[in-house]
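What follows is a group of structures, each given as structure tokens.
The same chain A turns up in both complexes below, where it pairs with chain B and then with chain C.
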Partner chain A sequence: MTSSLVSPPTNVSKTDIYLANLLTQSKQQKPVFNAEFIDELRQIASLEVSSQNFPSKKDEEWRFLDLLPLLEYDFKLASAVELTKQDIVPFILPEMAKSCLVFVNGIFSPVLSDVSALPQGVYVGNLTNLPLPQSKQIVKYLNKTTNLVAQGGSDVFSALNTAGISDVATVWVNADVEIEQPIQVLFVATQSPLTPLEKGGMLIQPRCLVVAQRGAKLTLVEYYGATAQGCSDTAPNQAYLTNSVTEIYLEDNAEVNHTRIQRESGKGFQIGQTAIAQARSSRYTCNEVNLGARLSRHNLTVNQVGEQTYTALNGLTMLANRQESDTHSVVSLTKPHGVVNQLHKCIVDDYSHSVFNGKVFVPKAAQLTNAVQLNRNLVLSSKARVDTKPELGITADNVKCAHGATVSQLQPDELFYLRSRGLSEDQARNLLLDAFAGEILQRIPVPSLQERLGQCVACRTF
Partner chain B sequence: MNTSVKTLVNQPYKYGFITDIEADTIPRGLNEDIVRLISSKKNEPEFMLEFRLKAYRQWLKMVEPTWPHVSYPTIDYQNIIYYSAPKQNKEKIKSLDEVDPTLLEAFEKLGIPISEQKRLSNVAVDAIFDSVSIATTFKDKLAKDGVIFCSISEALHEHPELIKKYLGSVVPVADNFFAALNAAVFSDGSFVFIPKGVKCPMELSTYFRINNGDTGQFERTLIIAEEGASVSYLEGCTAPMYDSNQLHAAVVELVALDNADIKYSTVQNWYAGDENGKGGIYNFVTKRGLCKGVNSKISWTQVETGSAITWKYPSCVLIGDNSVGEFYSIALTNNKQQADTGTKMIHIGKNTKSTIISKGISAGNSKNSYRGLVKIGSKATGARNYSQCDSMLIGDNAEANTFPYIQVDNKTAVIEHEASTSKIGEDQLFYFAQRGISEENAISMLVGGFCKDVLNELPMEFAAEADKLLSLKLEGTVG
Partner chain C sequence: MSEVILSVRNLTANVDGQQILKGVNLEVKAGEIHAIMGRNGSGKSTFSKVLTGHPDYEVTGGEVIYKGENLLEKEPHERSLAGVFLAFQYPLEIPGVSNLEFLRVAYNARRKYQGLEEIDTFDFEDLIEEKLSVVSMNPSFLERSLNEGFSGGEKKRNEILQMALLEPTLGILDEIDSGLDIDALKIVSHGVNTIANSDNAFILITHYQRLLDYIQPHFVHVMYDGKIVKSGGKELALELETTGYDFLDEQQLVEVGV
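Let's look at the complex of A and B:
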């Protein structure tokens, strides 16, 4: 920590100095898109970070996830690294080879990106190259969800990201344009042995903005990975912190199928915010898969701003070793006739620890809401730990809301049944695990990704 | 909501009368001298004073919890009278004839007859008025079986060794803000001791009554069931109607040794304030049971209908192998009432089991929250939990929340949690109307059905009473 720069007054805690240093690093990121409103956003966010404390276990929102391991590292703003197409092959999905946007260490790479397969009316690129009509409107969208999101104080990490907002991966679909071609936005962290700082690491702050205008339809795959390995289980590598913010706007009748794959490296940290604003009759589906990172946190925030919305949140977290992963979802309904369908599954092995906190708020105005939430956890090792907290906050009486949570191990009678059919113990176990994970994986709309993740689950289970 | 229904809902709180009786009160406020004064008034042994002072000093260092989903103005702890007792002859009362007849009358009015001839046939009652215990019935009969049932102040003199051993062993003095306050100033409460192998021959019951408008009630209950013992205990509570709020911060500790079984039922009907939320009791209670021995069982049943604010989490700490914890709850809130209630099941021993059934009904402008913790420790192999929390909303200004925390540290644990929210359907009411059943009756039947799982757990006499209480409280809430 560069504490020599700041002489710490006695009443400022170590963690707050740490946060101040992160802010300094974040602010060093220069905006690539020059506009007054961006400067303004950065300034407001920076003030917000300074006014807050570094989250600790005393905060209800961070009660089960200890961020102290972060403090071991002195993160410095990541710099651009040239990668070749060869380096990113493991991350590019064949369906999306020509509709793929690549960011290396949070910085846009025009060389690696290829969006040639996309039709008219769709813009996928970085902020600088946004066509004029859209770029004029961007002020209406950028950072407008995250301001609304947090119930009880906005999230300090999202503000940290905004304080250093530079470039934005933008996916813009014009009104009434429906595209079959899925779009991939790849955020890759480099793993070069270039700067083997003892306790250093990169601070990467990806930013993504998705706007589906009235009646638009798209399928998006947001992918977080690290180079020099195809799999997050391989050899230890450099520490880094990915602090991402993704905002998704669905205007009236729009439909977005969003898949978010988190496969950071085994030494990486990820804190991510996905904020969604849903207008009338829009349909949003999130398929979230968390496999990587030493410690990850995903804040998934859905704000309903119109009637008759449909929200499906599917999640799979699979952890081993000493991994920790935390998913906090908040669905805030404000209008009648909303439908929420959430299924979050966790598999924890070894010494790993998973956290799930799912909130559904149904205020008085959101009559006729139908919300269902289920969290299922499978504990494979006696040292693994699960914390779950499904929450309902309801003030409307004409609604149907239910939630459920289960924690268990593989059922001995199920294993016995499979063994009685001639399967070995390992085969039986893997079959059950595949089925458990499969319920989520099958909902991913990209076949090659399904297969790849299926492979991942299979190789984890041995 | 039609008008005839509206008049029904505003049924007066029938226990709201004030008993005019001369009382021995101490000055307002709280400091070490007050703690010493309470202790000396009760003529307590030295170790008790130390216990109180230790708690008081801890309390000074603690802050009031802010996490419950309730809101209320700041409580001025210096504006409360911590001890108030009806004036009686200095000497110990030898028989009921010596008890002030006004007091007996007060309890008579509440439907709790203490005088010899009118006693409930098979229920022993300890009646507590403001800060002191008035009388305990059937003491001699119980003593024949070795059961000790008396006020805690009496137990302090007669069985100090038991008090010393168990008081504060389940809820430590500095457990939480209100428990610490209670430990410093508690005035009375019930003490139950069931010796080895004894099945308590009758239901035990304590009736709490707050009378004085500025007094806080701080009672402490301690129940110990030795190896193989079993007991069923019931508490009831009421208070007069005042415009101000009174604080009630109680602590209940249960200890179950090997194969022991304790069933603790509560029908809580403190004054809830008027429809605008004026007045009412702040009910901030810490209840915890310790399943210390193998195969022990503690079961909490609560029907919470009163209080302006309820903050209460009857918990079970399951230490003994194969021990069982149960929690059955009905929490009903109407008008401006707020309830943040639930349970904690801490599984420590092997093959421990817990069941949570919580039914929340919120009507009017009330807030009703379930907050529960199920924690499976790393050594609790084979632990099993089943939780079900259902909420029923009546009217669209009522609020229902659930905050279940599940923490699992052991792979062999099996946890199930379910929650649902619903309302009384138009179609259900229509069906009843079609059969010639009035709306009021239909609602009370539907609510009765909704709560059946819990009502079934109450001792017979009280189940009927609780059912009646629920329908009375709810009459006319649906229009």
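Let's look at the complex of A and C:
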């Protein structure tokens, strides 16, 4: 009997060469913070990337999303570009004008950032300015959630980000500090004059770390946008890949309300990892909104590390033209008395394609879990496509778990009812779409953002 | 002589390729209330859906003139804007659409059509408070999703509230009395009587003479197999209540026999 455990080293595929090139670009980003542990993280991650293949549709985790469109571009590490306050006005939320951290092409912009409204006990800034107590502790946190993620199969794009880890948008709330003031972390992509337009593109690798210490409470808006005229969903001239990693730690009894807005440009690609670790009695809410990008993938991974956690995952994806967007969420429970509430909604129009895969793992140790997961999809065109795969993995025997998915069109009878009251077909359609999207949007705790996104929903449906 | 609001001549219509209306004739003038009675499946509801332009119903012949214009050429929302209102037999529940917002959008669509300025949220709230009293509705209903979780009676009252707000020229009430207890029936009827005046007209579709005790019709028509086969005053409803519709079968047999 002959069997080879090692695949032959010949026949290196085109996609693996492509991945190796991305790794080379990633590593060109020099660390802003000289520390041995960072070098170590980078080296380990680099090896991790080298040992893996570029994901293909043959991989279970990538079955529904084809990354081949990425291969059309030769992405080079993005260079720093100076923007003015005027350029980023569309992304600044009035509630957070003085609690906003700005990164342009993944690089910290001290000029555009303003955190003057934040109280004592909170650090919001980049890695180089990290105060001493935090810099002593950061090693305990940075890249630790992605190790947790790695238990469920390591993610090559997160490793790619870590291999080039440089600066980190850091939000650190000390123990028992509760801040009312919401905090915005803004990642703007903007065209770099140095990158060739033809087949060229920028590689942007934002990194964010949120630490809510014991009993801390905060509201965070993580916003991905691109500078362009008008709606950021209209294509500017340049392709780019945002490969982001955000880690969020909730220590005992901490509370984080996290809103993640993805409004990359129509020529942008985004692959993002949000990894959360929840300690005992912590409460985490994610409001995820995906409107932009030609192709986007969000891996949302929640790891419960203590008892009695509360996790709410709200998602809205709205696509048109040939956009594709994929949300893969994993909630991994390990302790008793966890509560999970997930509602993910998608609206697909034209030739667009949405994917939802939501896993909830409830092992034996996680008795008395109460988990509800629902994915609802609204299909507006006969050419649009929805793939949905809610998954529950339950081995505990005393739990309450439910999951489901629906795919539907606008109901003709509902449209007729509204039209019979004098609403035009467009008005009736928009009212129904607003209602569908509104269920998620109204959970966003920032009024100005709620309003803007509401307008955006309307503007795309007219 | 008062103005003719609706004139229906030889109207025929299909649903799923099956002919349901087989030549309806009806004339409604301003200030009149007409009741259409008849068995299930005789075409009463189809008639109301055809008049309001439901896309599932295909008109195959005849004409409908509304205030001198061809109604059948108009889109459903244009018919509404022109003053035709259908109170649904089964009002739809639309989760996520707030009742107040829906009423405001509908009201402003009408204002815009009339060349009037749209009114803002605050002014609208004042206006709607006043209309609520017509159907004795609790303002808390405005904050809820459109008809979601409303009881049968609440849904019907909400239909009348919409009618009170939009002030139609022709109101068509499709079995507004079905599923109502006597108190709700009184409230709904009071609403209709408040709205009715010498400039508008109503068509009530009903199975029961009971409704006609509260809303007095000028004319009662009997629909049978897609046609109006008998018309009379309100005494016809009382007659139907005692004799039922069986006489129609006999009459039909006689006609066929001849």
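Here are a few things to note about the model shown:
In this text, the second predicted complex is superposed on the first by the 438 of 462 C-alpha atoms of A that agree within 3 Å, B and C clash if a C-alpha of one lies under 4 Å from a C-alpha of the other, contacts with A are read in each partner's own complex, and residues count from 1 in each chain.
Throughout what follows, a contact is a pair of C-beta atoms (placed from the backbone, for glycine too) under 8 Å apart; a residue touches a chain by one contact, two chains touch by 3 or more.
In this text, all values refer to a predicted model and were calculated from it rather than measured experimentally.
In the superposition on chain A, contact of A:Leu423 is made with chain C only, not with chain B. In the superposition on chain A, contact of A:Arg322 is made with neither chain B nor chain C.
Of the two partner chains, chain C is the only one that A:Leu431 touches; chain B does not reach it. In the superposition on chain A, contact is made by A:Arg385 with chain B only, not with chain C. In the superposed model, B is the one of chain B and chain C that contacts more residues of chain A.
Using the contact criterion defined above for the overlaid structures, shared-chain residue A:Asp413 touches chain C, although it does not reach chain B. In the superposition on chain A, A:Arg443 makes contact with neither chain B nor chain C. Against chain C, the residues of chain A that register as touching in their complex are 412-414, 416-425, 427-428, 431-432, 434-436, 438-439.
The residues of chain C lying in touch with chain A in their complex are 52-56, 75-77, 79-81, 85-86, 88, 91-92, 94-97, 101-102, 105-106, 109-110, 113, 145, 162, 166. Against chain A, the residues of chain B that register as touching in their complex are 67, 376, 378, 391, 393-423.
On the chain A side of its complex with chain B, the touching residues are 60, 64, 364, 367, 377, 379-409.
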